[in-house]
Amino acid sequence: MLARLASPRTGGLLALAVVIALLPLALTNKYFYDIAVLVGLNAIVCVGLNLLIGYAGQISLGHAGFFGLGAYGSAILASRYGWPPLAAMLTTTLAVAALAYLVGRPILRLKGHYLAMATLGLGVIIFMVITTEDKYTGGPDGIAVVPLSIGGFVLQGERIWYWVVGALLLVAVWLALNLIESPAGRALRALHSSEVGAEVVGINAAEHKVMAFVISAVFASVAGSLAAHYSGFVTPGKVAFLHSIELVTMVVFGGMASTFGAVVGAAVLTTLPQLLAAFEDYEMMLFGAVMMGTMIFMPRGVVPSLARLFQSRRQQPSSGEGSGT
Amino acid sequence: MSAQFTQYLLTGLTVGAIYALVALGFSIIFNASNVINFAQGEFVMIGGMATVSLIAVGLPYLLAIPLAVAAAALVGLALEKFAVEPARGASVVTLIIITIGASIFLRGLATIIWDKRFHALKPFTGDAPITIAGATILPQSLWVLGVTLAVVLALSWFFGRTLLGKAMLATSHNRLAAQLAGINVRMVLFLSFGLSAALGAVAGILIAPITTTSYDVGVMLGLKGFAAAMLGGMGSGVGAVVGGIALGITETMSAGYLSSAYKDAIAFVIILAVLFFMPSGLFGKRGGERV
Amino acid sequence: MKPMQSRNNFKRGLAAVAATFALIAGAAVAQEPIKIGSFLSVTGGAAFLGDPEQKTLELYVGKINAAGGVLGRKLQLVAYDSAGDAEKARTFTKRLIEQDKVDVIVGGSTTGETMAVIPLVEAAQIPFISLAGAVVIIEPVKKWVFKMPHTDRMACEKIFIDMQSRKFSKVALISGPGGFDKSMRGQCLDVAKKYGIDVIADETYGAGDTDMTAQLTKIKNTAGVQAVLNAGFGQGPAIVTKNYRQIGVTVPLYQSHGVASKDFIKLAGAAAEGVRLPAAALLVADSLPQSDPQRAVVVGYTKEYESHFKSEVSTFGGHAYDGLMIAVEAIKKAGSTDKAKVRDAIEGIRGFMGTAGVFNMSPTDHMGLDLSAFRMLEVKGGNWTLVK
Amino acid sequence: MSLLRVEALSKKFGGVNAVEDLSFDIPPGVVYSIIGPNGAGKTTLLNLLTGIYQPSAGRIVFGGHDLTGRAPYEYANHGIARTFQNLQVFFNMSALENVMVGRYMQERCGLAAALLRTPRLARAEHACREEAAELMRYVGLHNYLSAAADAMPYGALKRLEIARALATRPKLMLLDEPAAGLNPTEALELDDLIGSLTGRGVTVVLVEHNMRLVMGVSDHILVLDYGRKLAEGPAATVRNDPKVIEAYLGSGVAAAAEMHR
């Protein structure tokens, strides 16, 4: 029983649920709730992206594109064409999944930096389309989005959104953890380590890469749709190259191949600018310095590095084993 | 060949030459360290901004430019020493994130040392346009083309003829073998950052009189330089130059003949298409997996 | 001088972080000063807007406090850098409203940021004076939202009137990638017909582009173009202007109010000669006749800004000045910081002399400027001059 | 009836023939060894037989199916498994998970089931774990049941690859130099393991330099030299083939000279 609690799937999920449940005690006003909602939305994207980057080992510098497609798809269908928001979100998500599947096949044949380039190019192209087709998207100034309503019940206000996003984050983490510990998830991790090794036990590496790509795109798209409805407004800033970089940074910062690392990365890098805002002119410099420093001293990311430190502390008295690599 | 076409070509060459210089910087660091240095664009910025401020305190170009290049090279060396070297052995993605952190840091630093405004730099030799076959070109563009050519020649001499250059090349081919052959791999890594920072700065100085410069001018140029390097094949010097020029010409031709709104998108579509057929870029190493 | 100030900023930053933690810890902070909230694009692509805006706010809050404050209370500026990002603007606005509990918001360098926060200020019922350009901000009128700069539509109209007077009817448009550029392009296309103007070429350039000769060559080769209008801000218009001269386009070039600063002439150099644009009188403060009622305000602001920051004044900083002064004026009139009263007072502003012109607010006009606020300027001898 | 039939197989790299016009048959239930000096094309042949390389010419027929031109995972689907000379262990997982990956083909399930972790999948996972542990014990890795792959010694990793390959329930198993890098004791233990594989109904193709091992376990031997068949036949015959001795001695001398330069 204790062992089960210590496993990431049950124990970690429970811990996350407790944090989400207790956090409102510290959220004294709507601004804090707002930050928490943003953390949750970013975390959903990062949990998905981590499946691709951390587990399948395939980089993407274009995920802001999927986030943006989700946001704009919902915005355009729901606000411009008056679709029910849920139907708009569902349609958008399916369309994004289909797009990711179609472009994923050729793109994921590329490796390493070339894959980075191709995904970056994909993101840039999506960005250009969204900023240029201002008849539909409102161009660089963005468009307003109707609030999310489900059968007459309108989701508005930071507190309600906090619980919705919190619940969805739990679901996202649960799905990701399930996947990782399934045959398909092991296949992803296997092809990350050795693509040939994976292929010779019967794993179709290309298919699995595309699967991870599509899942991460869907997570990003859903978070994008939610963000659009929550903010009530969407601008191309969230589709831009820099936002893609931000997302990857969150994943790597928190710790690749660690689902909770992705959540922590999203939390830290979303709140950090808020804390640093007080430094005015120095904000940017400090942000860069924190990023560099963390990655230099914790190259595996915050969560795995701390976990390792904790483990080795515990193990030190018994034996010096366990520090492989 | 119509005058219009000639104009697009000349423009594409000028823009492409700058991309090529930035791309070369990417390639040199990549060869030495396998790192994609996302702070490459910031070297471009430092070159331009430092020259502007040195000129402002009254230095002549002949003094200001070498000093600015040296300043950028120092920043490059410092970046290697304090950010990349301590993270040796970290994964490639981690190193990329470190360089992204560095680029944000340097941009932040630039807003404090300098400011957030755009700055102009006087052209080196006047700005009376020169007419070639019905098209016009600024003297500064000739400087861009000439210096880029000189830099490419100098680099090929450096890597082909000098001991240090060959050592750097050897390191890129096989780090372990280079180390066994007595090459100080750490020193090569260190120098490669200095060298590519200097290259970036040169690009930044050359382009500043044409485009003006500011603390965040490196973001887009870095991105385009990266794209050019990938198009040509990361790590290939020829690839960087060809990739840069090709990207520059593609952009201007698309803007001229197709759609100026979608010219960047068109350029990226073409890059994607090339990568689908040549997954290691135009001149990249065809890396086979050894089993 | 500069480093010292910077260090002070740093200390202030540390203090502010400490204060933030103190607030989180639930410590009560006395709310004596009148709090002016602001979010500006101090970094990012629109930094050249946000930077002078923030400087102006800091400068004049200091000056007002030195002169005894407002209603016997000191002003306190709470400003955040939204970096041109609408999401950040939204979050910081929530912070201003919920956490800092500011009395009025003066900010929003870009239209995108402004539009993103409008739902928030409307819901929180707090007066918001935007410093962004597009006409959508005040059309339709939003109860709590005002704006300082002239609209892009007015700029188009002013330019087209000038073109009309020069008997131009066939015009080429070239615009940049930003919200300002696109919005102005749209407005110009909208109102062109009204002034008998035909837009026969419509080109754009991208963010960070280093060369626009391709687009301009296309325009040059379009038959019948009598004038070219460049809607854009930042470095783009400077490059357009240089390329324009380089490839030898001879028809007149118009720029927008988005580059209304001396910086533009510096950046474009000799190529700027002959360029026309609509702008507030601020840019030609010294050459205004003594009798001009606006002279005192613009000369005062120019002197103050330039002597303090050792850099040249722009109309963008001017908008921040106007916004702050109108807020202060309204608070004085309202006699309190009661948000509804302050809002009503802003709406009731009449004949207020700002750097952008004379403001006459009304329930149907939350900007209050008319075309007369715009002057047509031309670069002559390396300086802005009034077109007679 | 042969299990694997190779017909006129060739592989060129640039202008060089790594494998040239090679034909042979492997009957089921044997240990079939492929030997030859360094650079004879043994590993290239294994890569061809698992679809990692595509042949320049020739056919590969396995269990009656023509697999020429198929992807590696399709070879695996038809029942060919292998180990690698340069280990392809998944170092980002535990040893047990490495073997569980080998069970992929039997265990794979729909994406929805994986995301939702259906009770059926949970049960299958449990069984998979048990079976993987059983295989680890079988190859002699009982001490590493809870070890991380990146914390295991070289010899154990070689066995781990065998366990992973076995987990795929192969009909044919290709072992690429399983004894390389092992100490003599470890190498000796390998004899029994390989010998017992045929007892599980697995046909074995062994590429190996350790002649003691080869001669001890092989039923049949194929000798390669410069990508061509030099000799083929029952172990005893091949051992005394003068051509083989010459090839080995000749290249051995050359190789020794190479080493001393």
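Order of writing sets the labels: A, B, C and D. Residues in every chain begin at 1.
Going forward, a residue touches a chain if its C-beta (ideal position, glycine included) is under 8 Å from a C-beta of that chain, and two chains touch if they have at least 3 such contacts.
Computed from a prediction, not measured in an experiment: that's the story for all the values here.
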Reference chain C; chain at largest CA-centroid distance:
D
Looking at mean CA positions, which chain is nearest the middle of everything shown?
A
Using Cα averages as centroids, what's the distance between chain C and chain D in whole Å?
72
Centroid from C-alpha atoms only, then distance chain A to chain D, rounded to Å. What do you get?
40
Using Cα averages as centroids, what's the distance between chain B and chain D in whole Å?
47
Whole-Å distance, C-alpha centre of chain A to that of chain C, is 36
In chain D, what residues contact two or more other chains?
52, 84, 88
Which residues does chain C have that touch at least 2 chains other than itself?
6, 42-43, 204
Within chain B, the set of residues that touch 2 or more other chains is 111-112, 219, 223, 261, 264, 291
Which bits of chain C are touching chain A when the two form their complex?
6, 9-10, 12-17, 19-20, 24, 26, 42-43, 79-81, 84-88, 90-92, 94-95, 97-99, 110-112, 115-116, 119, 134, 136, 177-179, 181-183, 186, 204
Residue ranges of chain B in contact with chain C within the complex
4, 7-8, 10-12, 14-15, 18, 111-112, 115-120, 122, 127, 129, 135-138, 207, 210-212, 214-217, 219-221, 223-224, 251-253, 255-256, 260-261, 263-264
Residues of chain B defined as touching chain A within the complex:
30, 36, 38, 83, 86-87, 89-94, 97-98, 100-109, 111-112, 219, 223, 226-227, 230, 234, 261-262, 264-265, 268-269, 271-272, 275-276, 279-281, 284, 289, 291
Name, in rising order, each residue of chain D that touches chain A in their complex.
50-52, 71-73, 75-77, 80-82, 84, 88-93, 97, 100-105, 107-109, 111, 113-117, 121, 125, 128, 148, 150-151, 164-165, 167-168
Would you tell me which residues of chain A are touching chain D in their complex?
175, 178-179, 181-187, 189-190, 192-194, 196-205, 211, 215, 257, 321-322, 324-325
